[in-house]
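Pasting the structures in now, so scroll down.
Shared chain: subunit A. Partners: subunit B in the first complex, subunit C in the second.
After this line comes the complex of A and B, so read on.
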């Protein structure tokens, strides 16, 4: 396989940086990073990240693939794009974090992370109906961690849901759908097939 | 007041328009013709993938969502695509630019689209509603249309992230404002006759999708926004972004519980303010009934 995934058996994989450059969205710009730390300093949610983006990029260079691909930085980034607009070297930080997250899921590094469970519920709705049904995505996500957790999370959200319902912003009844669900699903299936065929997501 | 016909745009409402962000869609559809903006809804529009689609579906399938919307928009004509949702704008604009610039990607997206008998090969422009109001309509036209100035209403203009980042002040993004200290929202407020209060967290982050998924991680971010609005003695917070509106509104109870505060600050869309200032109907046009924290002051001003 030309585009093989990094060696999972070793903790430090010196080919990892190259693999990221070649396979992760925006990764080709990673070599521009000069470790100035503007990204981490601009990040509103650094306190919730086990490594800020600057450090994560250093870890990529050091070949710490497992630590990178299991880092919660990939999931706690809010996509505020502050780092992207401020980086003096034009590194598309947000896109790289997103791309690493997509790869980490594809390669089975992450399964139980909240964002991953939410993303799966979200994609289910997008694929099935062509649209996001906020009610179904939320409840699917809430219950994806088991029944007990689902009940707990749903109860915590009950007041919000009631308020939204009263304001007519919680859609009940049949989900909104695109007319061409078959058309959309054919396109998505084809896109997935192309992606699998290429064995990569980006160039 | 309006001549009914204006410059035409293909309007992409996005998923929140049928749920949590209904009041953005309703008030925008109400004010658009008043500003000479004709919105023709994008036929059979689908989800943009928001900020998590690539994780659940993969990069190319996620981009194919945008490809399908653009292919359908192309069928409707060469006019610009307009969206009011920050995430829809970010994804559709970024996807469009990627498809335009990256020949290999354009080929792959079109190969996927061909499975649905669609193709995208035109250079459409994807634009944000606020940028269109600034550049195509012009603030003066907004001012001219105001018949019911919101005199005395203090508004904290909360722009949020993705409306301006990363595309504001870029060629493809319409060169309409800066991403660090955007002024358009305060300009809208003042055009409506209200007072734009000093608000230095205007491009702070509400936590975005992380707030929806794991609010315990981001309540403190929302609290900073509320603190600043309170400090500025704002009557309402105004925002262009449906996710900002919902996050900052719906978590106030949770924040009060967590931090012992007593926030109950209404969060409205700029388009709701405009509808009220244009003397339009409080319920049908300004959609004021859709806010879960209501602004008595604004409602009293409304017709």
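After this line comes the complex of A and C, so read on.
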């Protein structure tokens, strides 16, 4: 059925689960979840999530729309696919989290400005070097909001940066590159062309 | 009877010859006990070995074969000689396989087992069939629901005529009202058409079935093969003779008016699963309050089930029933939403497929316990995974999945004048004890079923106020004219007597078998299967009654208790303690046996204070003589003797199995198999103590509410009697610990050696019996 978009005025919304089943990518399979918790138990970054996947799915059934769509679970999922591989009921957990994220953005539950700036920095590095350079991506992102904010954000992350440096995860000097960045750029240009040709795309 | 001509046959095979000196055993039989015929063979169960015995019998030199070989539980088909009594002395499982080879103690054990066998033979007579008169092959089926209809169909297929008695004016019971049926055929996915009408047509159209609607049984007399039942059809009475009875009186829904906390009664839109069935049958489901379509429906599972204040048990069907109903709702109207709030969803077997189907169809399952439902249909449940109270608002209808209450009595009939006490305890009507799920009884009674007491359990009337009034409403279903009262005994939670696992259809009234939800909750497919099982039991009962033979567990046994009325004191113990109501009292208050009700357990024999009840092949003197035949060394030999009276159904096989697994245990035990611990008489205990035995252990099945006793009450009664033996021991200045009762199941072969050894250790600690040698 065409369940209308969830009622935002209430904390619990009876129609939310059906709406998710019918409108979110992979949601049609979510109904098969039997609350076993294999997904949450398998998740390598479960401790960094507001809610494990199982709990999030129970929140969907309980109609807790706002809490679901603002949960950091949607963003902290690293797309490792462990849960998808292991779910005994064939629930595509990763897709559903992604799908919920898309809906959260569409429906204005997520402030995207920051995310957009980060994505731009990330994309610049990927396109230019064929890899992400932690140092350049972060500084580019930090300073994208102006000099003052850049200094503030960089200082706040100093400790992490030092730790990463010690562990050899951050290096000074010229950024690492893939071989044949020219070819990469040609590939990307072609991809862009195809995408444009295909016209309107979803994402 | 003709002169006894015993013959002893000793086997040297299966390790016996290596473990003991068979020649010495032959000496015991021939020289010491003067048995005229003694033979040995390398493999007694071979054709040649069997032929040796058969030849002696044919030549007339032997009419009792005492076989010293394997356990009496095996090779029974080999060692079977028409009309000749066969006695088995266990030299294999309980000697050669459980004791060290070549040891002095092993030899002594073997010799004693042989002595006991020879003593047993001297008191055994081969029982003869005592079939009395005509028997009926008609089966009475009480209750015309799916269970009763299935029973009727199965009975007819097996060639038996059926009288089908139904209290209401229609057949089919509850199941006839269901709009759809849970799937019972592959792929077990969708609700199926209800086919009860076809079953009704098949059964009522069958010439061998006499369908009697509007009828109840008002009286049942007699015994298997010849029950005389009075049927009252709208007040007009008629008497039928039937061979056996199948009780399929089904269930009734739990009284939802007790579920006010779940909103029942506060809003007309809170309905039970049974009520919803009627609505589903009538077309698109509409709210009772305003006739509007029910678009969002929540099902509350375990409504009053698995709740100590209501029904303490799981009705096993309501999870699948709600799935069925939710599917019907969402499939009929794609705009509808169905929520099922469950604590645990119980979808055993193929019902799991059904659960998945409902999930795929978008039925929403939520895990938690419902805390309340208000008049606006707001359901609040405690979500176990979210750890929070979650409200469900905006529902159109709430369905309570209520459970099944067994019709083990007839609530539409007045309570019987006598016999209400029987429902809570039929060992001693003076001393009712509580049974799980029932508030009846004051709990201060006999201790035989002490283990069964579960104080604080809610009754099916569930008012939880702990009053002592018997909670079970209604009159008896069959109104049995038995000494022990009119009811079919009831077990835990109000379900009719049956052992769920070991012997499901057996009741304590031989020839009467219960099936369907009256004995445990089940769905239609299970009920139909259950009916087939009960009918097979009924057929066996009426056929064996015709042959004068016993049914479960001593199937085919022709022996019967013979009551010597000359010294009977009319104490009534036998009539009261018989677990099967087989003994009534005659007009002069003397016990009178109804042979085909008897299961040959010997509980009456164990009960009789003047020991005037005996069987041809199992009697008080026989076991006393067997005990007396054991050689008890004096205390200076440092060889204690422990008597084990082992139930032949579970404990004895467990001992055999210990041997098969080569578990060793104390060589000082002497094992006598008994039919049931209920048959153990005090005389055997005192005989053993006088003889110089240092300890006595009774090994039998579990007693109590979750009994495993094959004669239901035998082991419980034994336990109760043994509590009193402690006093006797004390008065003899003997330690109470010398007599112990142990519960041993057939699966205990690994454990039984420890039980024996630690008892033997305890006896050594206490010291030798001071009566030794007197």
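Rule of thumb we're sticking to: the second predicted complex is superposed on the first by the 108 of 203 C-alpha atoms of A that agree within 3 Å, B and C clash if a C-alpha of one lies under 4 Å from a C-alpha of the other, contacts with A are read in each partner's own complex, and residues count from 1 in each chain.
FYI, contacts are C-beta pairs under 8 Å (C-beta built on N, C-alpha and C of every residue); 3 or more make two chains touch, one makes a residue touch a chain.
In this text the structure is predicted, and so the values were computed from the model without any measurement.
> Which holds for A:118: it touches subunit B only (first), subunit C only (second), both, or neither?
It touches subunit B, and subunit C stays clear.
> Look at A:35 in the shared chain and tell me whether it touches subunit B only, subunit C only, both, or neither; answer first, second, both or neither.
So A:35 only meets subunit C here.
> A:91 contacts which: subunit B (first), subunit C (second), both, neither?
Touch partners of A:91: none, neither subunit B nor subunit C.
> For A:100, decide between first (touching subunit B), second (touching subunit C), both and neither.
neither
> With both structures superposed, pick whichever of subunit B and subunit C touches the larger number of subunit A residues.
So, of the two partners, B touches more residues of subunit A.
> A:48 contacts which: subunit B (first), subunit C (second), both, neither?
first
> Classify the contacts of A:62 with the two partner chains as first (subunit B alone), second (subunit C alone), both, or neither.
A:62 contacts subunit C only, not subunit B.
> Looking at A:18 after the superposition, I want to know if it touches subunit B, subunit C, both of them or none. Which is it: first, second, both, neither?
second
> Overlap of the subunit B and subunit C footprints on subunit A, residue-wise?
The answer is that subunit A has no such residue.
> Sort out for me which residues of subunit C touch subunit A in the complex.
296, 334-335, 337, 339, 356, 359-367, 383, 385-386, 390-395
> Of all residues in subunit A, which touch subunit C in the complex?
Contacts found on subunit A: 1, 10, 12, 14-15, 17-18, 21, 31-35, 54-55, 58-59, 61-64.
> Going by the contact rule at the top, pick out the subunit B residues touching subunit A in the complex.
Per the touch definition, subunit B meets subunit A at residues 15-16, 18-23, 44-47, 49-61, 63-65, 67-68, 102, 104-105, 108-109, 111-118, 161-162, 165-166, 179-180, 204-205, 207-214, 217-218, 221, 250-251, 253, 289-292.
> Please name which positions on subunit A make contact with subunit B in the complex.
Within the complex, subunit A touches subunit B at residues 25, 44-45, 48, 75-82, 84-85, 94, 98-99, 101-102, 105-106, 114-116, 118-127, 130-135, 138, 141, 159-160, 163-164, 166-171, 176, 178-180, 183-184, 186-192, 194-195, 198, 201-203.
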